[in-house]
Amino acid sequence: MPDGTTGDLPRFHQQLAKENLAPLWEVMRDLVPPEPRPVALPAIWKADRLREHALTAGRLITAEKAERRVVVLENPGLRGQSQITTSLYAGVQLILPGEVAPTHRHTASALRLIMEGAGAYTIVDGERVEMHAGDFIITPTWSLHDHGSDGSAPVIWLDGLDVPIVKLLNAGFSEHVGNGKQAVTKAEGDSLARYGSGLVPVNHVSRNAVSPVFWYPYSRTRQALEQMRRAGEWDAAEGLRLAYTDPTTGRSPIRTMGAFMQLLPQGFEGTEIRSTDGAVYSVVEGRGTVQVGDERWEVGPRDVFVVPGWAWHAFSASEDLTLFSFSDRPLQEALGFWREQRR
Amino acid sequence: MPDGTTGDLPRFHQQLAKENLAPLWEVMRDLVPPEPRPVALPAIWKADRLREHALTAGRLITAEKAERRVVVLENPGLRGQSQITTSLYAGVQLILPGEVAPTHRHTASALRLIMEGAGAYTIVDGERVEMHAGDFIITPTWSLHDHGSDGSAPVIWLDGLDVPIVKLLNAGFSEHVGNGKQAVTKAEGDSLARYGSGLVPVNHVSRNAVSPVFWYPYSRTRQALEQMRRAGEWDAAEGLRLAYTDPTTGRSPIRTMGAFMQLLPQGFEGTEIRSTDGAVYSVVEGRGTVQVGDERWEVGPRDVFVVPGWAWHAFSASEDLTLFSFSDRPLQEALGFWREQRR
Amino acid sequence: MPDGTTGDLPRFHQQLAKENLAPLWEVMRDLVPPEPRPVALPAIWKADRLREHALTAGRLITAEKAERRVVVLENPGLRGQSQITTSLYAGVQLILPGEVAPTHRHTASALRLIMEGAGAYTIVDGERVEMHAGDFIITPTWSLHDHGSDGSAPVIWLDGLDVPIVKLLNAGFSEHVGNGKQAVTKAEGDSLARYGSGLVPVNHVSRNAVSPVFWYPYSRTRQALEQMRRAGEWDAAEGLRLAYTDPTTGRSPIRTMGAFMQLLPQGFEGTEIRSTDGAVYSVVEGRGTVQVGDERWEVGPRDVFVVPGWAWHAFSASEDLTLFSFSDRPLQEALGFWREQRR
Amino acid sequence: MPDGTTGDLPRFHQQLAKENLAPLWEVMRDLVPPEPRPVALPAIWKADRLREHALTAGRLITAEKAERRVVVLENPGLRGQSQITTSLYAGVQLILPGEVAPTHRHTASALRLIMEGAGAYTIVDGERVEMHAGDFIITPTWSLHDHGSDGSAPVIWLDGLDVPIVKLLNAGFSEHVGNGKQAVTKAEGDSLARYGSGLVPVNHVSRNAVSPVFWYPYSRTRQALEQMRRAGEWDAAEGLRLAYTDPTTGRSPIRTMGAFMQLLPQGFEGTEIRSTDGAVYSVVEGRGTVQVGDERWEVGPRDVFVVPGWAWHAFSASEDLTLFSFSDRPLQEALGFWREQRR
């Protein structure tokens, strides 16, 4: 067999197929590619469109009926799969005054960036927190949570979940608890005070994979960025980029997903960078330009865009630009997969 | 809107679709199921059929041409995706006397259970190890490896890889190095002696996510099981089950996958158990019966079968039964997902 | 030998002594006691006396001459050894306006509770921090540090060091760097912003045993205690007790010593408790009573007292009582030694 | 005060002394030395003298009477303190045929190198192990243990304990359990099989600071050294040096003490090295020369010698030389104190 195979292969392949078997040599290049494939595509969703659609959804379906009234951001390269990257889910959620998104919990972890409004709250494992624009809030795996609004205006936020990861592992559970709003058993701000002030209760015992801090107010994050900018240490590609952490471990508050806040000062012209984790970004404040592969976008407040894994990208800032982002980087790092490249 | 929705929804959904958006309320139950879904199915591949197909492949295609001459075990519930569970790949590989499966490395980690033959070897990062039936051998993420045989008989083994996990994260790289067989730079057995004898070199520094021990000879594993059986402590469902570990961390030698060896004594009648990790089993020695859901199989040496995640199953042993298995349990545990239930 | 020994023992003991040997049976009960021995004694130093002596020292010796102008608190059970417990050192340090305590570093880690005054600063590894009453400041092992005052009044603080631990291990190094005050290379508050706001720089790498946060302002600690008291969860013996932590690890910011802040509400009558770690306390705010063994003290602001390891003690509060304390608990916990008992 | 002090200092110092206070400036140089001080001295105890004294003790006092019949090795620089280094205790213990050293447990951890004899056993937490020359056996903190001999000849071993560390922390407890020999509840070799064969039971949960493996047979250690020597990688100062580890953590099986086995091939001429941990050595096999500071010793089987911390030393081997040693290195490393220097 000069080319290393014989003509009987096709019949052999048919026989294998009958017995739930397949020839690796037909698919190996696809299974073990030389480098990450561009399956997810760069994409941007403008703030005004997202807002309009969220409000339309608010007219057409109730939070109770929807359970969660969310418009899912689907990557154009992965339509119909409720995915914004190969491993992550993202959506824009709306709560209207007086509404309640009922109490449930699930294996998937959720993270939220509050985009607009006031008067809405999230309750996580018995602690209520009011949501303000720029706040970062998490509901780690299997945490009871519900949302609602006592306010007078719509509240909109960006959701990120690790649903595709849970789905791959087929380890997902969920349940509804009680009917609607869970009982508040802790004082507002208790967890942040208890674990987020540089101290922990002497007898604290870590609960596997769950951060006791679930609310990261933007006021505090902003203050940290302003303080740090005085050092004038700007990464050539990323400016000043911070990762949200669980202060009881120093690790990401969610094991599968990392969330980041970064500041690019006015006039910043970032160099090109790429990493294996595909990231979802949202502008918190300011304006700038994002280059991803051949795409080039002017971005402003509340725009949401996705930078696929291993795609070269660069940021520039026409005003001080504050960017929120999330990705699966902590999981990739834990597995020894994560890579970064600059040019 | 008595039912919480209005008639305009269909048109709204169409509009969303145009902008890479989708309504969560249409898919939420699918994204966040009440418990793991039976997507993978129970299945068994009998030893004689696997052997025959491997040998047929040996006649029809060379190891060089195939790069790896492997018959992939596809789960009947996941055909066409080279998956034996939702997160794992499995295959049966053949090396014939004088052949070489050329040197490469990839992000995906591989584990192997040697099923038959002698005289074949694997070289991992410059260390050669001869493969014997029952040996457990790993090539962790990005380890250089090639296989070959100086023997006189075919050598067959079971491969397990985390390809679907790497694919989900889209973080996979691979490369071919040199042409064929890599240079041997270490004495055979060096790593096992250096790290697997209850000591480590004083200046050892752990390399992220990679075990320095890659060869777990069956002679040693068997001896451990024989020694332990004297304690007579049998788990009602699992008998005596051990997990392979990296002695420099006490964790699984591969972060994404765990591998296990278990002994069920003759006459053992196991109780029913299920866990969220779907597992691939192979009989190393002995005979017994496996019940998975409504399926019931007589199993013997070198049979391979899969128990899907969250599927009730039970084992019984008509002879002392030694079972090898692997699953994604370590990853699920690290993420706080793993659950087990007994009845 | 009815009593199990013979008369030749004394001569044998003499012979052993000549060869740097000794009979264990003569000392075993002392080496392996049934429980911790009361070697350190309960003791209190009243605030006014400490202040007076510190100021007298200020008249008699300069900070430069003394290198550190400190009055050492010696446990009455351990005189002449510069120890306040068997493993810890404590002292009261004074800086006068315009003075400088020159730059040095040493293996021993230091922690400080600011007791009085304003306008003084500490510089740690190039970052300056102003010291205010109630602030907790650390200079972890081998950190460059110097102190000084630009203020108009004396500044006094409590020092705690692990000198006896370093001495036991005989692993202590020290050096003087430059002459006097080190250069300030970071903006004030940079570390706290960078690591203490719920985030860390994306590329942060932990430095063994050293916390990047070294300043824990009292304003923030006080706020946390006030927030937490709303939960009304009071430990029967300790009220509300928090441990200072390194937010990048969740562990004590110093490996050998732990520091704690606790709040006992007015009217609190604590139950008796003891633990193996001897602790040094100082009252930050409020008044109350401390019972240690047979000793009973009325305590008020800036009083310093020591509760020896394994000594029963109880606290009561006639006013809201805020207590700072430090001990070797983290080291004992890491070694599996730490025990606590209540009655 | 030109020299920075005034004449009133002596009176002030007297006043301080009355109030359990002391001036730091009088002792600071002693408390914070520029580098480790030579408090412990180099010393050697020849095998024949140790053996003779152990046997003499055997004639003069029973194991029961002595509880542990041990001749303590006292560092000539630390006489009367039962210390061989500033932090460690060492002794030579004898068990005669038919004797029992009764069951007890204590906070201090013990490690043992068997020097001579056969037929003696140690029972640790219900598991019996027979002791052979060269075996390394540990009784971690609070483990029940007793020793005895069913043999026909004396058995002698080297004990190492962390007594001075426990004493410094004043956290030591001890108790006698039952009268004499504890019940054997596990098969001999069970722990080593269960945890030391490259696997662990699936449901293993680590017990703080205690290794489940307590017996490291010399046959296995020797084999590892012989296997590794084939690599021909010799450290210029230490030859081939391995640290005993807990395979469930990869760390030292005792948190306070590390134990090491090293091989120096015949003709090895080691370069000079020093580290902050003072170490106790015993020759297991072979002959060579040890240079410590100005001391130079010819060493042979069962000689015991101590190399103080930070003392320059070098080894040479006239025959293949196998050295056992132990020190407090793991504790120093955990605290960030450990340093090594070569020349």
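Which chain is which? They are A, B, C and D, in the order written, and residues in each are numbered from 1.
Note that contacts are C-beta pairs under 8 Å (C-beta built on N, C-alpha and C of every residue); 3 or more make two chains touch, one makes a residue touch a chain.
For clarity, every value in this text was computed on a predicted model and none was experimentally measured.
Trainee: Could you tell me which chains make contact with subunit A and subunit B both?
Mentor: Expected: no chain.
Trainee: Which chain lies the greatest distance away from subunit A when centres are computed from Cα atoms alone?
Mentor: D
Trainee: Whole-Å distance, subunit A centre to subunit D centre, using C-alpha means?
Mentor: Averaging C-alpha atoms per chain gives centres 51 Å apart.
Trainee: Using Cα averages as centroids, what's the distance between subunit B and subunit D in whole Å?
Mentor: That gives a centre separation of 42 Å.
Trainee: Just curious, how far off is subunit D from subunit C if you go by their C-alpha centres, in Å?
Mentor: Chain centroid spacing, subunit C to subunit D, equals 30 Å.
Trainee: So which bits of subunit B are touching at least two other chains?
Mentor: Correct list: empty.
Trainee: What does subunit D use to touch subunit C in their complex?
Mentor: 1, 3-6, 8-9, 12, 15-16, 19-25, 27-28, 31-37, 39-40, 43, 45, 49, 53, 56-57, 59-62, 64-76, 79-80, 82, 85-87, 89, 91, 104, 106-108, 141-142, 163-175, 208-210, 255-256, 276-278, 308-310, 328, 331-332, 334-339
Trainee: In the complex formed with subunit B, which residues of subunit D make contact?
Mentor: 186-187, 189-190, 192-194, 196-202, 206, 213, 216, 220-221, 223-224, 227-228, 230-231, 238, 240-250, 260-261
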